[in-house]
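Next up: the structures, one after another.
Two complexes are shown next, each including chain A; its partner changes from chain B in the first to chain C in the second.
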Partner chain A sequence: MYHTLTWMLWLGAALLPAMITRNPLYLTILLLAVAVAYKTLGRLSPMAASWSIFLKAGLLLAAVSVLFNTLTVNYGDTVLFTLPLLSLRIGRVPLLELGGEITLEAIVFGLTSALSLVAILLIFATFNVLVDHHRVLRLTPAFLYQTGMIASIAIAFVPQMVAALQDIREAQAIRGHRFRGIRDLLPLFVPLLTTGLERAIQLAESMEARGFGSGTGDQTGRHRTLHRMLIAAALFGLLVAAFSFGYYADSRWPSAVLGVASIGLLLGNVFVMSRRVKRSRYRRELWRRRDTLVSAACVASLFVVGGFWLLNMEALVFYPYPKVSPPEFNPLIGLAMLAVVTPVLTAPQKRRSPT
Partner chain B sequence: MIELRQVTYAYPDTEAPVLRNLSLEVGEGEFLLVMGTSGSGKSTLLRCLNGLVPHFYGGTFRGEVRVAELDPLTLGPRGMSRMVGFVLQDPESQFVVDSVEDELAFAMENHNVEPSVMRKRVEEVLDQINIAHLRHRKINTLSGGEKQRVAIGAVLALQPQVLVLDEPTSQLDPQAAEEVLTTLQKLNADLGLTVVLSEHRLERVVQYADRLVYLPGSGECPIIGSPQEVLPQVDLQPPLVKLAKSLGWQPLPLTIKEGRRFARAVKLPSPAAHPSTAPADPEPSDAGAMMRMRNLWFSYDGQEALRDVDLSVAPGEFIALMGRNGSGKTTLLKHIVGLLRPERGKVELWGEDARGKDVEDIARRVGYVPQNPGSLLFADTLRDELDFTRRSHGLDTGGYDDLLQSLHLSRLVDSYPRDLSSGEQQRAAMATVLVADPEIILLDEPTRGLDYHQKQTLAEFLSSKQEEGKAIVMSTHDVELVAQCAERVVIMAEGQIVVDGPARQVMSDSMVFSSQISKLFGDDRFATVDDVLAAVQP
Partner chain C sequence: MSFLTGRGLSALILTLATLLGGIAFLYPFFVPQQRGSAGGFMAHAADAPVTFLILLLLCLVVIIANLETRQMDSKVVAVLGILVAINAALRLIPGPAGFTAMLFLPILCGYAYGADFGFLLGTLSLLVSAVVTGGMGPWLPYQMFSAGWMGMASAWLPPLRRFGRVEVIILALWGAVLGLVFGAIMNLWFWPYLVNVGASNTHGQPGAGLWATVGRYAAFYLTTSLWWDMGRAIGNFLLILLFGAPILQLLRRFRKRFQFAID
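Here is the complex of A and B:
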């Protein structure tokens, strides 16, 4: 429906505010926008069923976290009511105190955290339902592709092994095997291990016979070491830049320059290393006009939110303690949240095809 | 196209070579069938053609191999991958990505093929093997036959000149196997692709092959030639060939169509003169049934797998459970032994409701041998495996010499079960379950990967168990085995029992579930070679 790159930008535009702001107004707008996208676009995908369970679990977790925050944090000026204090301790060490003064601030803080948690979950659910992960893998730099491929195979192996374990457990139960102690693990563990190995060998044969890994042989050891050191230097530079950016709030320019230089070094490395890998990519995806629209909206949103984050952090911050006050609302940021709903607006209308 | 000269190969840590001084030439566009008993080196031979042997496995290799003037020994499997397409037995474990189209592109991506060329080739492959309708599907939603065709497509995309397939249909039901084989035949005929294929069930493939290679095993000299030349010399024969050989039909017929010409000339006693051997209608008597299922319903995550199933099993009965993959055969077997519990309806064992009984208790009297022997075997020796089962059921250890004898496993009792050949593993797995001497024996696809000898052993063993009064329920696709030993055939479709009747009658009525001999004569008195020979030779 959309290009994978468009979805990557969408993911960025949705995740950035979900992670950096606790302002309930922005988060609510964001959550609603993502929910609309999930509901209208995600239903087309068979993956949606498995994610809906995950989302329900997320909601439950959020509810528990609100309750927990309310009951354990007694900080805040607006006391609503007081519950008897229940304190759990091991010996003399206080472990947990439940109840006591219930404050509005604790409830509000719990709610905003829950909002952010649910938003993040829903964003990932939408992304996973709508985007084929192999396509995402194709967008990774070529020299990382092998590693990514192997990781994705390893992940695919897990459900297979769970199914195999189920078979083995059944097969051993038929032989009268009962689980009583550690020793009884052996009849389950050995077949699981050998079945897993056999499968892995078959898959490896099949991949080898189709030429997997043939385009990476021409890197000399010295080149590889050089690249590794340069990447390490770039990452270190980035770390220093990030740290000094926050620490020296008065003069941020040197840190910004260091950060940009480190990112440049990193990208340069990736580019050079990727050019050595001789491997083509099968991309049948088309970049349509609607991709341009959605991407533009997402980039704009990233600019607005990112700009505020770097230059005017206060606009995004919402902190209820010690005394809660109504959250501020900046219409520009509010509008930026709506970028995540653009895929719904520009999605193709379902027309009945003439037959 | 392919040339092997004096190839000798032994796997690492073994002394005896699997292949010894093997020489072989295969011409361009040939369809070569590699046959032999299990463990005779078929897979090894195939893996020499693209360098998986010795590159992937190690071991000692002597001799020379040339495939399309390339040397797999120096190039290795990666280097050979443009020339030789290699497809494995198990459709489950050879896929890398999760959608069909991406899988087809995978090999080309590895070889740095231009995106525009890739685009074109994917379309071509989709049409060549007729899977264009599957292009956007996820691989785990495909059927076994479709998966195997996608696997063939995935290697075809590199436009190899040789296609090597290691028992590509052994895990498939007859219909799916047919799909795969006709695809191969088309590729061989239309594109002139050289096909090298190994297979146990000769009745499925021998008609497509130009030449056969028979590997006798233990490194002896192979027999190579046209099917008509090779088949009479070897003892692995499909039923049609066996009959033709006994009756001296010349030239040797390989297809049912060729065989019918001879069959019409055979003088058989008329039905009236020869009363039917099978009782007309062995109405399954409910009285004295060991197992009875009533109105059984079951579903996996809302998908109905069994729908209103009624079935009863009496002592001494031999029931073959047939039907497509996914028609509910395994689900039904698992209900009998209590691994699955009915959603509605009930299972009665010896007149008692099985609900509330532990699987372990039921398993004392009901033995279930699952499809994959690998999920059972874990111990250091076969003896330990057998003792484990006896002990788990609270029985004395030992006392299984007869069982091993009748399964031809006696000499393997102290070997490591995982090192056995696939046929031996299958029998070892069976022994580990049957050592508890259950009264009902449930077998799930026991003939996967078995050659004709091993199937014969299995048939004899099961018949002897049946004579002891055990009830046997066997799910299988193997019509020849069913013709030989089952008395009753139950055919399932979409979770329902569609046919339940005497084996011979069902098989002569059916188009799909009938043996070669019943196709040949279309007479319910003749289902196996022995039936015909007994009628012809008074």
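Here is the complex of A and C:
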């Protein structure tokens, strides 16, 4: 329905606020917007059934989050009531304390975390239901072509392997094999592995016959070494940034700059390395006008949320401790949350008809 | 200089990326234990999950890129592809609790064919399985990383072949331990959503920070996740104990046929 790149941008625009803000107002707007997209667009997909089970599991996890916070955190000013304290200690170090003072702050914190978790799961449910996974895999950087090739071989062979398993099971059933316990899996496993590896030999031979590995290694050794040295330097920079980020929590700017610069160096390397690999495409995806619209909305949303993240993080943070207070609301951020609903608005009419 | 160009550089990149990945996994335990007046620190704790998810993705790309700087043999590509397919198919076998039949093959292959092979098999199996079943989520980079680590770590076991039958028993125990470890580190992606990471010494005992966090995690793990992970650990143990010997024999026979050049 949309270009894969559009869906990736949509995922970014939805996921970034869901992961960095705990403000219940923004999260509620986001959750409702994603739910609209899921309900209107995702319901037609065959995968929706398996994801609805998953979402129920997510609700359970969210409930655990609320309960765990309520019972183990006794911090906060608004004490609702007091339960008997169950304490578990090793020596003098308290390992876990259950019960005690139940505070409103802990409940609120648990609820906002649960909201964030449910939003993340719903975003991924929508993404998985609507996107074509094989096309997502095609977005792997070009210089990883060997891994990409392994992954495509595997994807092509999964149905064959499932069919082979079925064949083996039938062949063994004719010989009187019955499945009674885990031990009876052996007559299924070993033939499966053997046929698989035999097929791998055939595949390798046919790949050799078609000239695999003869002309793609177009990087000279010196370039490669330079790239790898730069990558090592970028990783080292990231490591230093991560540590200094933790140590100097008061002044996080220098380490943030170092981290961003290292990531830039890393991505630049990846880009240059990918440019060196020539890749041809058989079929290109269509980029339609609605893709432009949705992408523009998502980029704008990313821009707003990312800008607040870097410049004014406090506008996004909601922290109930030590005393809970109503969350702030910035209309601009609230509007940015609505970007994820644009795929519904620009979707072709006939597909949107309710079934 | 020559040290920095060949295997030394490769090992350096792998070590750095693994360290970074480790930080990304373990940051909930190391967020500074101070409650700032406002803003700064709390903001830092709030954006940590997304920062470290990005970091983890980058590390995965770097490690995989590092593994494939050499031109791979067509046989390695074919065998890896097919084994990944088999492993993804094995994931579809249902089982009790956290049981999954997809971890024992990376362990055995990592042990028999080496660290690179084990890492790629573990990582790509999870990726392909997610693509085939449509199960991509924030947990996917964590799963890929931990399954890859399992395959890689299995290659570090000393050669046990001379011990005969004991080899399989040791591998089975190793698989059981890895099954539990897999569960323990896979909980970490949603751990920041369960507790208030960073402000954990809320009982007013300064200095109890790290241990209090670890303790709460241990308590959470023992009460909820362990029973689930037990299914996986016992499953790994039984699968390797019962099938380890014939599968290892098979893998070694094919290794001779392929003349593997991977190391």
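In the analysis below, the second predicted complex is superposed on the first by the 232 of 355 C-alpha atoms of A that agree within 3 Å, B and C clash if a C-alpha of one lies under 4 Å from a C-alpha of the other, contacts with A are read in each partner's own complex, and residues count from 1 in each chain.
FYI, a residue touches a chain if its C-beta (ideal position, glycine included) is under 8 Å from a C-beta of that chain, and two chains touch if they have at least 3 such contacts.
Only a predicted model underlies this, so the values are computations on that prediction, with no experimental measurement involved.
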Kindly classify A:Glu208 by the partners it touches after superposition: chain B alone (first), chain C alone (second), both, or neither? both
Kindly classify A:Tyr75 by the partners it touches after superposition: chain B alone (first), chain C alone (second), both, or neither? second
Should A:Leu61 be classified as contacting the first partner (chain B), the second (chain C), both, or neither? second
Quick one: is A:Val136 in contact with chain B, with chain C, with both, or with neither? Answer first, second, both or neither. second
Report for A:Arg199: first if it touches chain B alone, second if chain C alone, otherwise both or neither. both
Tell me which partner A:Leu311 touches in the superposition: chain B (first), chain C (second), both or neither. neither
Is A:Val190 touching the first partner chain B, the second partner chain C, both, or neither of them? both
Report the partner of chain A that touches more of its residues: chain B or chain C. C
Who does A:Leu266 touch here: chain B (first), chain C (second), both, or neither? second
A:Leu286 contacts which: chain B (first), chain C (second), both, neither? neither
Where on chain A do chain B and chain C both make contact? 134, 149, 152-153, 156, 160, 186, 189-190, 194, 199, 203-204, 207-208, 212-213
Going by the contact rule set out above, which residues of chain C touch chain A in the complex? 4-5, 9-10, 12-13, 16-17, 19-20, 23, 30-32, 34-36, 38-44, 46-47, 49-50, 53-55, 58, 61-62, 64-69, 71-75, 77-86, 88-89, 92, 120, 124-125, 127-128, 130-138, 190, 193-196, 199, 202-203, 205, 208, 211-212, 215-216, 218-220, 224, 238-239, 242-243, 246-247, 250, 254, 257-258
Please output the residues of chain A touching chain B within their complex, sorted ascending. 46, 132, 134, 149, 152-153, 156, 160, 164, 167-168, 170-178, 186-187, 189-191, 194-195, 198-199, 202-215, 278-284
Touching chain C in the complex: which residues of chain A? 15-16, 19-22, 47, 50-51, 61, 64-65, 68-69, 72-75, 88, 90, 93-97, 109, 113-114, 116-117, 120-121, 124, 127-129, 133-134, 136-137, 141, 143-144, 146-147, 149-158, 160-162, 165, 182-183, 185-186, 189-190, 192-194, 196-197, 199-201, 203-204, 207-208, 212-213, 216-217, 224-225, 228-229, 231-232, 235-236, 238-239, 242, 245-247, 249-250, 252, 263, 266, 270, 273, 309, 313-314, 316-317, 319, 321
Which chain B residues qualify as touching chain A in the complex? 50, 52, 56, 77-82, 84-86, 88, 90, 92-99, 101-102, 105-115, 118-119, 122, 138, 151, 154-155, 158, 334, 337, 339, 359-360, 363-364, 367-368, 370, 372, 374-379, 388-389, 392-394, 418, 432-433, 436
